[in-house]
Amino acid sequence: MPIIEMHMLEGRTTEQKNRVAAAVTEAVIASLGVRPESVRILITEHHADEFYVAGIPPKKRAEAPPLANGAQEHTA
Amino acid sequence: MPIIEMHMLEGRTTEQKNRVAAAVTEAVIASLGVRPESVRILITEHHADEFYVAGIPPKKRAEAPPLANGAQEHTA
Amino acid sequence: MPIIEMHMLEGRTTEQKNRVAAAVTEAVIASLGVRPESVRILITEHHADEFYVAGIPPKKRAEAPPLANGAQEHTA
Amino acid sequence: MPIIEMHMLEGRTTEQKNRVAAAVTEAVIASLGVRPESVRILITEHHADEFYVAGIPPKKRAEAPPLANGAQEHTA
Amino acid sequence: MPIIEMHMLEGRTTEQKNRVAAAVTEAVIASLGVRPESVRILITEHHADEFYVAGIPPKKRAEAPPLANGAQEHTA
Amino acid sequence: MPIIEMHMLEGRTTEQKNRVAAAVTEAVIASLGVRPESVRILITEHHADEFYVAGIPPKKRAEAPPLANGAQEHTA
């Protein structure tokens, strides 16, 4: 422990995955005071048609009108 | 919340996934009274050799004698 | 299959859990055409300090200023 | 997305959970360039008899002879 | 790896959990040829109202008429 | 129940998956006294860049200096 499962949209490079895994591991070690060896991360990538918010896949959401605050949404 | 992980056998079309995600989201909203935006669904598909009932993969089960009640089994 | 894991904030009654499980099962059967017996649902409840959006637990979010669109947030 | 499930041994304070969730969220935002709102974290705590390494629960491991390199093991 | 998550109905003793974790670890080591240290097991227990087959919780199922083949069902 | 999720590095043959699923099912039945039909196993395979120990993927670990005790590490 801790064992961490990360679900994200597919399309990241190996480099990006390496980077986020290293950063999350660092965050867990610093916050919980555990041994680096005890932190294990599993990434599962999901296709665009395997993730839904409010029953709608992200692709269709991207075509919806922009958010009230003007921010661009990145749900990947 | 709620966050829902659905595991199913691979082979569904995007349309089928869209439909089941919409229907499940609808069911959760109606039953729990939560905001649509708060419902997130993650689908993970599994190959035929990644799902086992009683230690047997579904394909081999299909070749087994029919169920006592004559029903055809769909474990997909 | 399908096997469905539902994560939700703790505090629901057994009746509410029964209702959402029945409704989700119904939605899955109708959308995917699977046998009722093949649908299994696992609910995991999480304490208020075990769920975070943008790194913030829902309780603190409730004390934050209201959403732009005036909607009240229910993330339970 | 990303949706992150963290499994850890029980016994952390709410403050520790808040801290690790904030740090992990920060790490994910910085590494993947996603919107803070899109990062959701679910923590699941496990009793001492619900986590095993090499088939042995951590408590019994603690009573085992020290590691070769003299490091103290923290699997929490 | 392998990392194994076991979901079961609550009510097992610590001894039973230790036994099943040891047996599963042994089975994985023998079948896949991995190092014992690499096998990690996480158990999550679920209340009776957190597990559903065909939309029905196990308790209600126990009150249903016996199975066609006369076998008694243990879904724990 | 029990529902078992197994995460492993990709590259196993169907035969190996069949063998480990059968062995784990056997172990669970013998240890918990449950009906074979009640045991369901889901396997999820992860690419080499989807699994991290101490923030490092297994491939890079293989290139690291050998373990103190001379054992060769298999984290697959």
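As written, the chains take the letters A, B, C, D, E and F, and residue 1 is the first residue of each chain.
The rule is simple: a contact is a pair of C-beta atoms (placed from the backbone, for glycine too) under 8 Å apart; a residue touches a chain by one contact, two chains touch by 3 or more.
Computed from a prediction, not measured in an experiment: that's the story for all the values here.
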Relative to chain D, the most remote chain by C-alpha centroid is chain B
Greatest centre-to-centre gap (Cα means) from chain F is with chain C
Interface of copies chain B and chain C: same or different residues on the two sides (over or under half shared)? same
Distance in whole angstrom between the CA centres of chain A and chain E is 29
Whole-Å distance, C-alpha centre of chain E to that of chain F, is 17
Expressed in whole Å, how far the mean CA point of chain C lies from that of chain D is 23
Contacts with two or more other chains occur in chain F at residues 3, 7, 24, 26, 40, 42, 44, 46, 51
Note: in the complex, chain C contacts chain D through residues 7, 44, 46, 49-57
Per the touch rule above, chain C residues touching chain B in the complex are 1-9, 12, 16, 19-20, 23-24, 26-28, 30-35, 38, 46, 51, 58, 71, 73-76
Residue positions on chain A within touch of chain E in the complex are 3, 40, 42
As the complex stands, chain A meets chain F at residues 14, 17-18, 21-22, 24-26, 36-37, 39-45
